[in-house]
Structure formats: C-alpha cells, structure tokens
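Look for subunit A in each of the two complexes below; its partner is subunit B in the first and subunit C in the second.
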Partner chain A sequence: MMRRDRKAQGLVPVPEWVGDAWTIAAPLGLLYLVTAVASGVSSSARVDLGYMLVNLVIVVGLSIFVSNSGVLSFGHLAFVAIGAWTMSLLTIPVNMKDSIMPELLPVLRDASLPPLVAVLVAAVVGGVVALLAGAALMRLHGLEAGIATFALLMLVVQVLTYSTALGPRSGQSMVGIPQSLDLQSMLVIALLMVVVAWFYSRSRSARLLRASRDDITAAPASGIHVTKHRIIAFAISGAVAAVGGALWAQTNRVVQASQFNLDFTFTTIAMLVIGGMFSLWGAVVGVIVVSVLNHVLGLLESGLQLGGVIVSLPSGSRLIIVGLVLIVVLILRPGGLTGGREARWPLRPKLALGLSRNS
Partner chain B sequence: MTDSSTPQGSPSSQPGPSGTLSAEGVTRHFAGVKALSDVHLEVPAGRITGLIGPNGAGKSTLVNILSGYDRPDEGRVLLGGVDRTRERSYRRTRRGVARTFQHGHIFKEQTILENVQLGALGVGRSSRAARREAIEILDRFDLLEHAGESAAHLPHGVERRLGVARALATRPTHLLLDEPAAGLNDGEMELFKSAIRSVVDDLDVGVLLIDHNMRLIFGACDHIHVLAAGANVVDGPPETVRADPRLAESYLGSMAATIAGGDDA
Partner chain C sequence: MTSFLQALIDATSAGAVYALAALGIGLVFGVLRLANFAYGEIITASAYTLIIVWPINPVLAVLGAAVVGVAVALLMNYAVFSWLRSQSAATLLIASFGLSILLQRIYEGIFGANVLSASVASGLSTSVNLGGVRLNLLSVVTIVLAAVLLVGVQLFLTRTSIGLQVQAASADFRIARLLGVRSGLVIAVTFAISGFIAAAVAFVLTVQSGTVGPSFGVQPTLFGLIGAVIGGLRNLRGAVVGGFVVGVALSLLTSWLPPEINPFRTAFVYLLVIAVLVLRPNGLFSAGAGKVRT
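After this line comes the complex of A and B, so read on.
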C-alpha cells in the first residue's frame, strides 16, 4: 500500500504514526466537513445529505470486503436489504405491522426495539447471514465468487418479496418506519463505520487478505488461509452494509424488496470504483463525489434558474451521467480518483520504515 | 479479529532428525500425459538436496506436490514420517514446508520489508516479532537497504532473493527453491550460494534446490537427484552423479523431446 515517491524526498520527514493517523483522520475530517457544509446549504441538500450518509455506510461496508480481498461483490445489497428489513420490523409500531403484514411471524410482530438497538441488531443479522453465505461462496475463485454474490442478492430479494411470514405481501411496501435518527446521529454512525473499517484494515487478518489480493498464488506459501480471511472480511462487510440498510430504511421510510435492484447496486459499485476500489479513502471520496454530482444533477433535472435562464436536464439523466463518469474514470484513472491508495500525509508520503526507531 | 490466525504449532519446535520431507512413488497425470511416474525423493533436514533435469522433467510439478499446491494421483508425501499428501498448501507451510516460485509471485503492493513480514505473519507470528525477524532475514540476504522500497518493480536479482527471504520468514524446516538463481550474475550467484549455505548450517533447514545452473548445483548440493521425463534417473552425491553417464543421457534424450514440443510442467 505504500509507494515511495522519490520526488518528495526533499520534504520534511514525519514519524510513521503521523502518516498512519492521517489515513483515518483524512476520511473522517472530509466526511465531517462535507456534512457540515451541506447541512447549511438548503433543505433539499439536507435530504440528499441523509442519503449520502446512508450510501457512505453501505459503500464503506462494501469496501471492507472488496478493497481488502480484491474480489468485487455485486451482491452486497442483499445485506443492505436485510439491514433495512430488520430495522423496519423492529421499529414499525405493532398495530401498524398488524395491518400491513398480517401474516408476520409472531416473534417479529411483537418485536419492538429502540432505533439504535435496532441498528445494532441489523448489524448482527447482516453479519451472521454474510458469515454463512461467505462460508459457502468464498471457496469460489475471484470472479466466480463475485457473480455468486449477485445470485445471493437475487435470492434474498425473492425471499423478502414473497415471504409473508417476514414481510408484506408481494408488491407491497413496509411503511410507518419512524425517522428516529437525525442527521447528526447518522453522521456519528457513519464516522463510526469508517473507524470500524480502518481498524479492520489494520488487523492481521486484513493484512494477510491484502497479500492474497496482491498474489493469490503466493499467499498459501506464506501460510495464509485465503478462504478464511475472505469469510471474515465478508462477515464484517455484511454487518456494516446492514447498518447502512438500517439507516436507509429510516431515511427512506418506505421499504420494499424491489428497491434493492440493479440501479441501487450500480450506484454503490460506481461510488466505490470512481473513488478507488482498493482503499477506504477511495470509498469515502467516491461516495462524496458521486453524491455531490447526484445532488447537482437532481437540481438540474428539476430545473435550475441560473441568471434568468432555466437550465434543466431530462429526468433520468442522473444515472446516465454517473455511468459516463464511471467510464471516464476507468479510462483515465483505472485505480479510481484516489488511485486505490489510502490518504497520504500531504507534506510527505508515508515513511515506509522506521528501522532506526524499531530495530 | 486481529489474532484470528492460529499458529499450527511452531515448526521450529519439531526436532531435526525426524524432519525429512519425502515423496514416495508419486505419480501425476495431466490430461492423460504423465508428468511424474513413481517418483521418489528425500529432502532431509540440514542438507541441500539438488533436483535437476531437462525442461519438462516434472521438477515444478514435484515441488507443487511437495508443497501442497497439487496432489498426486498416486503415491504419498511424508513429512517427518507422517503422511501429509492431502494437506492443503497453507497448512503445509505452517507445518514447515516453504517454497518459492519460478516466476516471482511477490506481493507487489507491499514494500520489501512487508513482503517478508507477511511470511512470518502468515504462520502466526505477532506483528512485532514478524517485523524483527523480517529485518534479520533481509540482512542475511543483503536486502536491508531496500527494505522500505515498493516491491512493484524489482531488479531480477533482488526479486529472486526476496522470494527466498519471504519463504524463510515462515521459519521452515524445509525450503523448496524453484530456480532461485535463474538470471543471477556470477557475483550474485556466489552471494546467493553462501546465503543458502548459512541458512542450512545455522537453522538446520532441509533445502531442495532446483536450478539449471550446474555450477550452482554441483557446488552447493550435498545430494543430487536427476529427473527426466517424469521419472527418477539417478541420484547420489555430486561426484557420483557427475560421473554417471545417465546424467548426460537424460539431457540428450530430452532434447529430442523438446524439439517435439516438450514443456516444463
């Protein structure tokens, strides 16, 4: 992860820990800053900001698996759906559940938890499902595993669509989810998830997994059990994505299985790829860039008055433009905007070695 | 989550004498072609065992089977007398069988130091210990000055040494080196030879050395096996093998096969 930049050798060296701390301080700081600015712009910006924080948690969750394993997952919305479902079932008032989901399992019908506890339960459910799914899927090789995750999404969506024991009848939505977390709490949760991803990325398991990402053949010769570390990453990743789903449910307030579709999948993957698939910094930057772009395009779609002229885009152009940006980024910067690296201390690239201190 | 990798027993705690890695009657087919047939080989601890043979002899296939990267169709792999034929590669590494690769397979996004550290981390060492050991090993292979450099674009000589250093970081009882000296110049070759010799002498490691450089093989090995067309041809101490007419025959014989389209499996 550390590339030395010879051009920068003339700059003042900093201790290794400064470079390390910067890899977490930069994403946290940027996220805080964007939230602070956006929440003061307009009420429509605040709405989009809510969705940005939701997407941030989802994409950070996705990146925990993708950036460390190097395996792309097309199915992480399965865990988002599970998180959204868990949140909805645990927070919709019981009398409302009775009317929209008459055949719900009694235990789910009676369950009712405070919103933050519900988010935590969503994380656990998402994590456990990801652990079980991972144990089955992670034996597959890279691309096959990625495609199998997509099958997992289809499966989860089908179950949530048709199982009346778990939700409303097919085609109907869950409504009545109270919006109990304000932007500030959402920001705190989002920052917390970034911290979780950062700590994970520094763990032994993640380091070994990244070695397998670099060279899958060489990893076992270093004693690395690739499948095991992929499963661990997948489980943590699924838990964080489920937290994103829980936040999504209480932000969107209408939840239906069909919402976890290709558009949503594409948006989250585009965010990660545009920012840089192989780093946490890439995930954070990608979500912010695409969200800001989305917001501006949304304004344009509904007609923006610029000096007496109304500029407007045909509705539906958002996804097209995000798609184009994705393609352009892939052509010009295949590693994404961040090049797939972690944030680097601006005054000097991270010192890779502190031999004199530690040996 | 940090310490989820459980070390599978420290290899260095296994006593030396029991530590022989051996292939017994190993046979392997690929799509009907016999890559190895009934091959026997022993890699005792504390010795350098050479494995030579023309391209297509099955040397790399044998390394893959000894290291758990492949399984034989028939025959067994024993480590310290215990059958490990079906044990998977990462477990075999933790058990003490380390290997290098003909074609680099370096962790490119990491520094040279991190590459070696990963070898130690992978078999369950703590971060701190892994770093300390990595620095020692880099020193042994004259790589310490490069420690902080990216492993993405290494000069050939550095890459070869790094491969061996990383394998050594797993603290092996047995080290399988697949053409570790290919492309090294004479000076580098001498350094490499003495580094390997010091590893064997200091750490009582059993080394299997595959190379096409006969000066290295005959200069460094205690015992040499000759393999041709997937079968044992001759084995013995260097002077015996050197004098054996079957050595030259096996290479001559293979030239005809190479012209007919042989390929190193």
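After this line comes the complex of A and C, so read on.
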C-alpha cells in the first residue's frame, strides 16, 4: 500500500525491492570487503579476522533474538558453549579423547564426524536446547528475562565444568581440535548466517515478534501469541550461536568451560549494543567496528612504531576502551551507531523519505 | 543437633551478606530503575582499601573503606548514570555491565592481576564454644552488622525527610519530582548509602578471605542481584529477603550435598533461580498481579 502511495506521488526513483535487497546486500558486501582487506594486511590481522568471523556468527545469533524481541539475553554464551563442546567432542581424535577425558560417556567417546557435519550437529543441539530453555523462560520480560538467561548460562557452564561424563575434569581443557576450516570457509559460513538472520527477520513470525517489541500491550491484544514467537526466535538464535561456538572451538583449539565467562559475554553484548541492538545491520557493523578497534588496540599493546615513536598501551586496556566506547555510545546514541535501522539505500532522495513517512 | 545449629548460623551469616548486597542494589534500583552490575566494583574498591591500609592502621582502614565506598558510588552516579537517567532499565543494566568490566580492568592495571592479602581483623576468625556449639565470631558479627544496617536503613527511610523523599521517588519518580522532591539529591543520597553498605559487605568478605583481587566483588553482587530479582526488585523488603534466601541456600547446599554432587551446588542454585522466575515472574514476594513490563 505504501508503495502505491509513493508511486502515485512520483517520488521514488528506485523500485522498493532495491531498498529491500540493499538491507541484505550491504551487510554481506561489507563483511566480504572487510575480510578481503584484512586477510591481505598481516598475519596477526588474519588471526584476529578469524575471531571476528566467529564473533560475527555469535552476535548475529544473539541479534536474531534480541533485535526482533526487544528482550535482552545475557545467556547466549550458553549456546556458544554447547556448540563449542559439540564441535570438540565430535572432532577430537578418539585416542586423544581417551587420554584427556577418561570418564566420557561411551556414545560421546566413539562419536566422530567430519567438521562440516559437526558444525551442523552443533547447530541442531544448540537449537534444541534453546527451544527447551525458551519454552521455560520466554514468558519473562525485561530484567527478569536478563537474569533468567544469565542463570541459564551459569547453569550450563557449571555442568560443563564439573561433569566428567561430558568433558574433562574441572580446570582442564579439551585440546587436539583439528583446525579444519580455513578463513574462506569460515567467511562462507558467516555470510550464510547473515542470510539466515535476514530471511528470518522477513518471516511472518519475526514481523509479529517485532510488533510485540514495539508495543507489548497492543500486540497480544491484536491476537499475537508473543511467547510462541519469542520461543521460535530463541531457538533459531540459539542454533546460530551454537554454530558460532563450533567455529570458536576450531579457531581457538583449546576449549574450557571457564572461557564462557563475563568478559566474553560482555564482548558480544558490547558489539551488539555499539552497532545497534535492534537491527541485523547494527550487529554486523558493531562486530566489525569493535573487532577493528580490538585489533588496533592489540597492536598498540604490543608497541607500535609510529614515525619513530613507539606507542604502547598497558595490556588489558582493550576491555577498558571497549567499555568506555560502549558507555559513550549509550549516552550519546542509545540506538547504537546504526540507530537501530537496517542498511538504507544511499541514493534515496531525502525528500521522498520525509514525505513517505508523513503519508 | 549441634552441627545442625552451626550450619544454621553459618547459613544465616552467608544469607546476611547477600541480603546486604541485595539491599544496596535494591535501594538504587528503586529510585533509578538501575540494576547496578558495577556494585561489585564498589565492594572491590573498599576491599582494596581495607587490605592495604589495615596493616598500617585498622581504624583508618575501616573509615577509609567506608569513605572509598561512598566516593566510588557517587563517582559512578555523576560520571555515568546521571547521563543515562532517561534511558530504559535494560540500557542502564548494559551500561553498568560495561562499567563493571572496565573497572575490573582498571583495578587489574593498578593493583595487578594477582590477589593482595593481609589478615584483616583476625580476631574475628576465632570461634567460641557455647554449650557445645562452635560459634564463629565472624558469623555473629556479620549477622549483627547486617541487622544494624537493615534497621538503620529502615529508620532512615521512614523517619527522615530525605528518606521519605527516597521512598516517594521509588514509588513514582515523575510525580515525586512534580511534588518538589529534589531528584538529584535523592539519587545521590541513595548511591551514597548503597556505597556505605558495599563497604560493610567488603569488610565481612575481607575478614573471611583475607585476600582481594580485581574481580573480588563480582560473586557477591551476582548473588545479591539474583536474590534481589527473585525476591522482587520493585519491593525493597522482597529484594533483601531474596538475597538472604540465596545466601542460605548456597550455604546449606554446600554443607549438606553429598560430596560426589557437591561441585554442582552452584548449578542447583541457578536452577532454583530459573524455577522461581518461571513460577513467580514478578518475584517471590511481590504483591501485585502479573503486570507486563518490557
């Protein structure tokens, strides 16, 4: 209807589908561009690039739930941990599992799958756990939802730390994960996850969920089953986060439950919030901005030569600066760098935009 | 029977610590809708003061810890949260989370990643034998300290003009402002009191452990915050009782769970938290019916 109005006014120089396609083309293009540039810079940039792609998948997973439901989750690392665990248990060679995890369940001990299949299994396991957890938790709102999802993370971390049937003894880590996916295939998976998030955000379920995000009183009154659509979003986002966990396991290659801690949670949430937590574009921009910042700060921490002067920052200043950026963004631009919007076709005339809003 | 009594006293004292943390968090939440995750870093600042100054002069250390706690809390208010007053509760929580991580790294930069140790008030770590019951002096002191602070805050809220203004602001911030409540002052006073309570928590915890590290305050804040939420953050008494329940549950699970599943005690507490939130989404002690908030 909107389209017809604007056409009648003769103000739209490009068809609507261009603007639509741009919302997916922009994040994919930017991600591809950054990867292409960064992989040519230096070997340390390539290492950080690997982690950036991992974080991108995790944050896109997080944003599938947060951006559409408007409910904050502090617990998505639970699914990341589950994904990392699944990947490790399925790809570490059997004899190695025997020596580091002698009390492992026989099923897990003998299981061994090719890496790409293991990533798929991780997605399924993460999705199923998220579906079950979501069924219990998705009636909660606001702060209670935040605390409940956080409790879920702590529960998963505690079980993975102490259960010798599922992993190594507490304090020990899983090693020997083969690095089987190169940057190229990680990029393909990351792009694929962005596409998944985009298609989901255009589904009926996601639109209804966003209606509930924008008005929690009116949406149920219009017959929207908010809890059901939240559970769907939670399950999909858990599956994508678990894919991120699987990629993380084979990038980091040492996996321990204690790694899924507050610092990691903070990093992912900071990326999402700095970019703008209500859009996919925001998630992608946030991950890229924070990752680039992290990389530069990392260079500074190890001492960088700038025109004859060695500039160096004390170690640990990365998180301080990311924390500062987060707080400044929240104060000056609470919607994040993208203002919570999807990517907009840059050649759109300002006039048409203003009028179409009024019509 | 006697071991039961001892476990009960230890549990009460553990509960008292988390009840205090929940009180400090709940007070600020009432006026500002801020669930202050960075509360732990106020505790940590006071704990560093205690550990560093105690060997020099115990009295100075206690006074210093209180002053530092209040000062850090006020600094947080003016440097960060006063800029975010109009934002949603979720935004405030994220900001405080960022502040918490940031301050932990700053402590690490100043004092190093390793723990500092000193025996603070070692006289309190002794036990007295009272009719067959071993009484840990610190447990008793903790319970008394918590009781005094709870009564103090209660008197302050009900008997002083500024306390009544705090209550009014908690009930309805906008209306309270219209009626002439000085919002800036009320918020500052609330932060100061929560900082003072954080110093008390730091005192108990440093006597217990004798060490402090950059993430010293995270654990008590986490459990205090969780307790406050399951008790019902919108109701200060509920929050305090919630914190108390979490502390008691943790302590009892530690002493009663059989050794083979004892490592999972924290997992049980988190499971309990999820169960309570699912069954009573507005908190255990909330009076109102399910009001939808996002």
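Methods note: the second predicted complex is superposed on the first by the 336 of 359 C-alpha atoms of A that agree within 3 Å, B and C clash if a C-alpha of one lies under 4 Å from a C-alpha of the other, contacts with A are read in each partner's own complex, and residues count from 1 in each chain.
Please note the rule applied: a contact is a pair of C-beta atoms (placed from the backbone, for glycine too) under 8 Å apart; a residue touches a chain by one contact, two chains touch by 3 or more.
From a predicted model like this one, the values you see are computed outputs, not experimental measurements.
Contacts of A:H225 after superposition on the shared chain: subunit B is touched, whereas subunit C is not.
Contact with neither subunit B nor subunit C is seen for A:S302 once the two complexes are overlaid on the shared chain.
If you count the residues of subunit A touched by subunit B and by subunit C, you find the higher number for C.
By the touch criterion stated above, A:T217 is placed in contact with subunit B and with subunit C alike. In the superposed model, A:Q184 lies in contact with neither subunit B nor subunit C. Look at A:V273: by the touch rule set out above, it reaches subunit C but stays clear of subunit B. By the touch criterion defined above, A:S317 reaches subunit C but does not reach subunit B.
In the superposed model, A:S44 makes contact with neither subunit B nor subunit C.
By the touch criterion defined above, A:S112 lies against neither subunit B nor subunit C after alignment on the C-alpha atoms of chain A. In the superposition on the C-alpha atoms of chain A, the part of subunit A touched by subunit B in one complex and by subunit C in the other spans residues 213, 217. Interface of subunit A with subunit C (complex): residues 70-72, 74, 136-137, 139-144, 146-148, 151-152, 154-155, 158-159, 161-162, 170, 213, 216-217, 262-263, 266, 269-270, 273, 314, 316-317, 319-320, 323-324, 326-327, 330-331, 334. Chain contact summary for the complex, subunit C toward subunit A: residues 35, 80, 83-84, 87, 89-91, 93-95, 97-102, 105-106, 108-109, 218, 225-226, 229-230, 233, 263-264, 266-267, 270-271, 273-274, 277-278, 281-283, 292-294.
Subunit A meets subunit B in the complex at residues 1-4, 200, 203-205, 207-208, 210-211, 213-215, 217-226, 228, 232, 236, 351-353, 355, 358-359.
Residue ranges on subunit B touching subunit A, taken from their complex, read 1-5, 67-69, 88-91, 93-94, 98-101, 105-111, 113-114, 118-119, 121-124, 127, 131-132, 135, 144, 147-150, 152, 166-167, 169-170.
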